[in-house]
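Structures incoming, each one as structure tokens.
What follows is a pair of complexes built around chain A, which joins chain B in one and chain C in the other.
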Partner chain A sequence: MTQGGVLRAAPPLTALLMAGPVLAGLGALAIPLSDGDGLARLLAWNGLSGAVRLSLVTGVVSTLVSLALALLIVAALDGRRSFRLITRALSPLLSVPHAAAALGLAFLISPSGWIARVLSPWATGWQTPPDVLILNDPAGLALILGLVVKETPFLLLMILAALPQADPARRMTVAASLGYGRFAGWALTVLPAVWPQIRLPVCAVLAYAMTSVEMALILGPSLPPTLAVQIVTWSMQPDLAWRGPAAAGAVLQLGLVVAVLAVLWLGERLVAVLGCRLAFTGRRGARLDGIVAPLAVVLAAGSAAAVGLGLAGLGVWSVAGLWTFPDALPATFTTGTWESAAPGLLAASARTVALAAISAGAALALTLACLEAEVRFGLRPGHAALWLLYLPLLVPQVVFLPGLHVLFVWLGFGGSLWAVAAVHVVFVLPYVFLSLAAPWRAWDARICVAGAALGAGADRVFWRLRLPMLLQPVLTALAIGLAVSIGQYLPTLAIGGGRVTTLTTEAVALSSGGNRRVIGTYAVMQTLLPAVGFALALALPALVFRNRRGMRGAT
Partner chain B sequence: MRSAISKLTALAVIAIAAVAGPLRAEQPDPKNWPAVLEAAKGQTVYWHAWGGDPKINAFIAWVGEQAEARYGVTLEQVKLASTADAVATVLAERQAGQDADGSVDLIWINGENFAGMKSEGVLFGPFAESLPNWPLVDVAGKPATVMDFTEPTEGYESPWAMAQLVFEHDSARLPDPPRSAKALLDWARANPGRFTYPQPPDYLGTTFLKQALYAHVADPALLQSPADEASYEAVTAPLWAWLDQLTPHLWRSGQAYPANEPALGQLLADGEIDISFAFNPGRASAVIAAGELPETVRTFVWDGGTIGNASFVAIPYNAAHAAGAMVIANLLLDPEVQARAQDPAVLGFQTVLDVASLGETDRAQFDALDLGVATLAPADLGPALLEPHASWMTRIAEDWVSRYGVVQ
Partner chain C sequence: MTGLVLDRLTVRRGGVPVVALDLSVRPGEVLTVMGPSGSGKSTALAAILGTLDPSFERTGSIRLDGIDVTDLPTRARRIGLLFQDDVLFPHLSVGGNLAFALPPERRGRAARRAAVEEALDKADLRGFADRDPATLSGGQRARVALMRTLLAEPRALLLDEPFARLDTDLRGRIRDFVLDRIRAEGLPAILVTHDHEDARAAGGRIVDPTGRPVPDAP
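Right after this comes the complex of A and B.
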């Protein structure tokens, strides 16, 4: 019976874990805000309007473009042969940490980057790199590009996950029989059913894109930087007086995110009205497909190539000797960078894996407990539960992490691996939960009835039927959890107090130093680790079920 | 509302103080060195040091091996993106009432960060002048070892490397580089987009501004006292006038700047700029030796000298392993360690020791060094200008941010 008690406690415990740190961190903002002239100093900063504009523009534009691109890919290509190819190419990008993707992209597009090198001097005539502002441009275009290539795969997978519940095949059949083109038919009949399920992921992407620190540090402008970067810069100042403006900036940042989410809510209604009007015009849009489908293929392939080539470029840098402009490849190759980086790399990798294993393991255990509690006690998680799950993804990290750090130090856990792992759980759990909940709930309950009829208790059904049959989605959820933990930058830095270093914190610290060779080694490791996780998640079930035909290719 | 929050905060602070209590552990006495060595044995020292340069990281790892072998002290480098992070950690710990057992044992520090920590009273010491290797330091010949940006160190930090600003150019592309502020401006006008400096408040970027300030003040002695309101405007006006003329001809027309010294060096390596500079006369040779810069790169200094200063290590007041930290500070002054740091294949940092007064074998380690193809001989390095008072750096950096920190 005690186990029933533990299980029953899992959902409220998880809710507390999601909401507690966020609320505590927000509360701790009051301390630096209440004394001193934080707000006045924030308003006195001449970069404020620029920083706010940047946060809004880069966040909103990148989210809209990623959303449009993801919808375009699904709408124009779902069911075609190219679709599987493209989703195959884009899904691995999800596991690439933001910092590594940004670093690779930075090298690819900079005036002395790989593209310019390959084209010079034969096509461009450049003997020295052109003096053009591509990276860190004041308008934030490079940052938008980086966010788009990173967020599109996430939204794409979210749409794919939501698709089955929308029953697209029958809707499309009806639309097609009425003469609608594929794209127009999808937009008018399937999208309205998909949207409610991807609304929260879109909000999370929006909140992230407006407040991303590591991508903005690497790709974003610095005159001024985005508001989130400036908040972090101020929180790191030796002079305590800067905590005031940092806290005031954090409140402003939170306000901005809330305001933009409110606008999104209004926009959603506007789009609904316009969409209905469009539907009533009765235009079939059949000719759209000829334009939209190739466009989707080009854009999808382009964003996959941007990240892929960027990472490949960093890989080449990691073994490069002298590599001057405009050589397309290094003049000499060396393993020296890897050799000298090896001790640091190994230590950081070990710590990264340990953190990821602890946090993803804990998140998976909590998720399984919650989902099992749902089944056994007939709980029906409502909208509130879903919002709670998304809370750590919606409230910007820069807003609540600094306060949480002070709290941890005060409690005596500051800078420990366990504290960092605990905070990682807060960010890992939502992804693990979201990825596992749908297959878990979709599991055929009649199997459970059959098991019970044969005399199996609830525990036995769980361990012998449900868990083994759902091994593939469980391992996928675990791999996603590992990848999310590996990619965490700000939580590791803020809660670890700089003492808990991972591949990601090291890579971002190194990126400030601009040594591409060493950055290359860290970015390669950072990309490899999550990839190994996903490979195992695919390989293990195939191995375990090699003599179970019904389990092969399941889910 | 505001006062209610203030009261709440005050309550919270009192509550924190009551829980944490005046928990101040007994720190070791630097004068009793055998006791320090005894206490240090088995300790793990967390050295918070900027981690953006793999060569420095490798050197620190080597120092760690020496410390382990000689004194049984384990050294862990906490790699920072900025030294201010470590200072912020110590201040956050004090704010949270953690007055002992702090997470930072040793900080690579100087200038503003040192002045800030010293005035906040969050440093352990004085300890530097009690270190057994202290008598080897060339205090008379290198006054910067006890005068950190005109802030007397008073034993609260121990020097470990000397640095001087040198400019770098690729002699294959630019055979005759400009050797003064005026010449640089003329050259930049003729060659737009081929020069830049790290974005202030970055350390090296601000140092470049101070170097340019030296070229524009009639009486350099002024810079040794704190910047006061009355004189600041007048003294810096020519600097800003010069910079206003230079900025449109900078790399990216001054719309973006590299983040710091390695980023600037990478621009030279990528051929994006023709002149870069570093706070390390041996950097160019070391990077050439590593095969990351063309062999035609050379260094030069401005007529009239360039700014020089020392790098230090300091120990926070609440360090958990102050004894181990002192052992590391002392080890950094060891002639063998100093000679290794000066080796261009390793770091190429200038020593803080008085090499001439060292013993035969110790001196031989320095004499044996090959300074490298791009490193100027000490005689060609020119005079080392003293750092201006830290207030100048702070004011200039702030002023720069308000003048150029937001692209119109």
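Right after this comes the complex of A and C.
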């Protein structure tokens, strides 16, 4: 009886958890805005127009490029042999925290980075690092590049998940038999069915790209920085007077995101009309394939290589002894960096893992409770539930977290590990839920009936049948949750008030100092921890079900 | 030599032959390939259409109106296809679906629109151009699907159990419509089915996927 009560409460509780912090954080903006001259001080800041322009340009351009690239890869290559290879190369990038990917990329492309080293001095003639602003360039190109290589795998995975509902095989056969090229056929017949399913993820990427703080700190320009970075800088000032312009900036940032999402909504309609017009002309676009397919391969391999090589470079730095420009590899190797960094690394790792375990564990428990409640009480979550799930991903962190922190401090538990963990849940849960919902709902309900016919109650069916059979997707969802928590920067910083440090906050803090050896150790640990989670998620079910052929290959 | 020629076309999987066809189909003739499910009917169609999975080994050749199309990609073969389901594109109007198939050489919105109207006329669907395919009946959808296939000006037609999903009373009418149009256009066609009535109505030879004649059972 009580059990049913708890389960019944799970969906509304989860909804409250998704919407509550966002709304509370937004509401808390009113306090600093109501008294004082926040808006005036924001408008008086002479970097404002530059910061707004940066936020718009880097966010919109990087999202459009990642979306185009992900669509290009699927349209040009799905079903070909190279496709599996490329998706395999790109999907591990998902688990790499944004900060680690950005730090790796920074090392790769900086004037003293790996690319410059490999080309010097024989091709460039450089004996010392050139004095050019490749990293943190004022136009935000490095930031755009970083966002593209990180968001493309995410969008690619979202498209792949949406694809089966779009009936691609038959539509592509019809298009081909009518004389259409592969790319044109995909764009005109499959994409219209894929788009409605990836609209929300694209909006989430757009909102993130416009307001990312850690990537903008590492790769973006500083004078002025992006609007999001400036809001955080103001929010973290000990002088509370800066809360005013920070709150005004947050409102402006929210307005920018809403405006861009509205433009996207209009653009979507425009593209649909133009697409139908194009389809009416009957142009087959067969010659496009010769250009598009190689382009897709090169760009996909390029983005995988950018992150992979960047991380490898950081790994090399972490064990580098003497490494002068323009040597491609260090002259000597040492474990000294790791040894001296060990105490700090271990402490930060322990906190990171604790936060991840608490938040991902809580998110998984809530997700399971919600999904089980769906089954037992015949609930049919609709569009509103999906929007609610995406709410914390659509409303930028930088907009509602500072307000939420003020609220937490006022309530008396600001800056604690538990407060940070609770806020991590808000960002971890959507990913855990989205990853687990599909396999959970697709589970063969006849097994449930068979179990019930044998006299098993609902609890027994859950614990003895459904959960064990879905062990693989449950652990994958948990690993995703751990990875998301490990990668969180702003929630840890803002809610922890700077007092709760993790691998991610430390790595970002170190990035401005430029000690690549120490940065390397933190970035390597930051990449390694989520990877261990995914490895366990793969290995455990294989071990548990090693004598059960029917449980193999289940994803 | 006009028509569709399968010249010792064989398809093997793991060395086991699943398709062995050595025959020619004249313009206007409808050859039927019959057999229970899993007998290689769909594999035969995939081989002719050029969508065979690489795990199959194909030998022999396919010629269409004297041109060897064996190594051409599907889009260049000019072989039309009708599925069991109509596979109309739900995001395009009925007219949009038809214009999608119309060759691009027919230029200009007005001219294309006229060609679409003409095709709808032939299918007794006058005035349907702006309709949403989802609002059509099964029989109407089947006719639109056929007209879409024909508008691409194919040189041969493959029919993959196109009547299997239709109600019994509708089935005969749509079948006659499709077969009449094939004869009127003078297209060589191959019908894949497991239904004897369909095979008999097609009026051509009846073989199994390995080329053996199928006796006309009840």
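One rule holds for everything that comes next: the second predicted complex is superposed on the first by the 555 of 555 C-alpha atoms of A that agree within 3 Å, B and C clash if a C-alpha of one lies under 4 Å from a C-alpha of the other, contacts with A are read in each partner's own complex, and residues count from 1 in each chain.
Simple rule for what comes next: contacts are C-beta pairs under 8 Å (C-beta built on N, C-alpha and C of every residue); 3 or more make two chains touch, one makes a residue touch a chain.
This one's a predicted model, so the numbers in the text were calculated from it and none came from an experiment.
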Clash-or-fit label for the pair chain B, chain C on chain A: fit
First, second, both or neither for A:Arg170, with chain B first and chain C second: second
First, second, both or neither for A:Trp410, with chain B first and chain C second: first
Partner chain in contact with A:Gly47 - chain B first, chain C second, else both or neither: first
First (chain B), second (chain C), both or neither touched by A:Leu29: neither
Spatial angle chain C-chain A-chain B, Cα centroids [nearest 10 degrees]: 160
Residues of chain A touched, compared between chain B and chain C (which is higher): B
Chain B versus chain C as contact partner of A:Arg283, first or second or both or neither: second
Partner chain in contact with A:Ala75 - chain B first, chain C second, else both or neither: neither
Superposed arrangement (fit on chain A Cα atoms) - minimum chain B/chain C Cα distance in Å: 47
Complex interface listing, chain A residues touching chain C: 167, 170-171, 173-181, 185, 188-189, 192-193, 272, 276, 279-284, 286
Footprint of chain A on chain B - complex, ascending: 2, 5-6, 8-9, 12-13, 16, 19-20, 46, 48, 51-54, 57-58, 61, 78-82, 84-89, 91-93, 95-98, 103, 112-113, 116-117, 173, 192-194, 199, 251-253, 255-260, 262-267, 269-272, 290-294, 401-402, 404-407
Chain A-touching residues of chain C, taken from the complex the two chains share: 49-51, 73-81, 83, 85, 87, 89-92, 96, 99-104, 106, 109, 112, 148-149, 152, 154
Complex contacts: residues of chain A adjacent to chain B: 30-31, 33-35, 46-47, 50, 111-112, 128-129, 131-133, 135-138, 221-224, 235-240, 321-322, 324-325, 332, 334, 336-337, 340-341, 343-344, 405-406, 409-410, 412, 414-415, 497-499, 501, 506, 508-510, 512-518
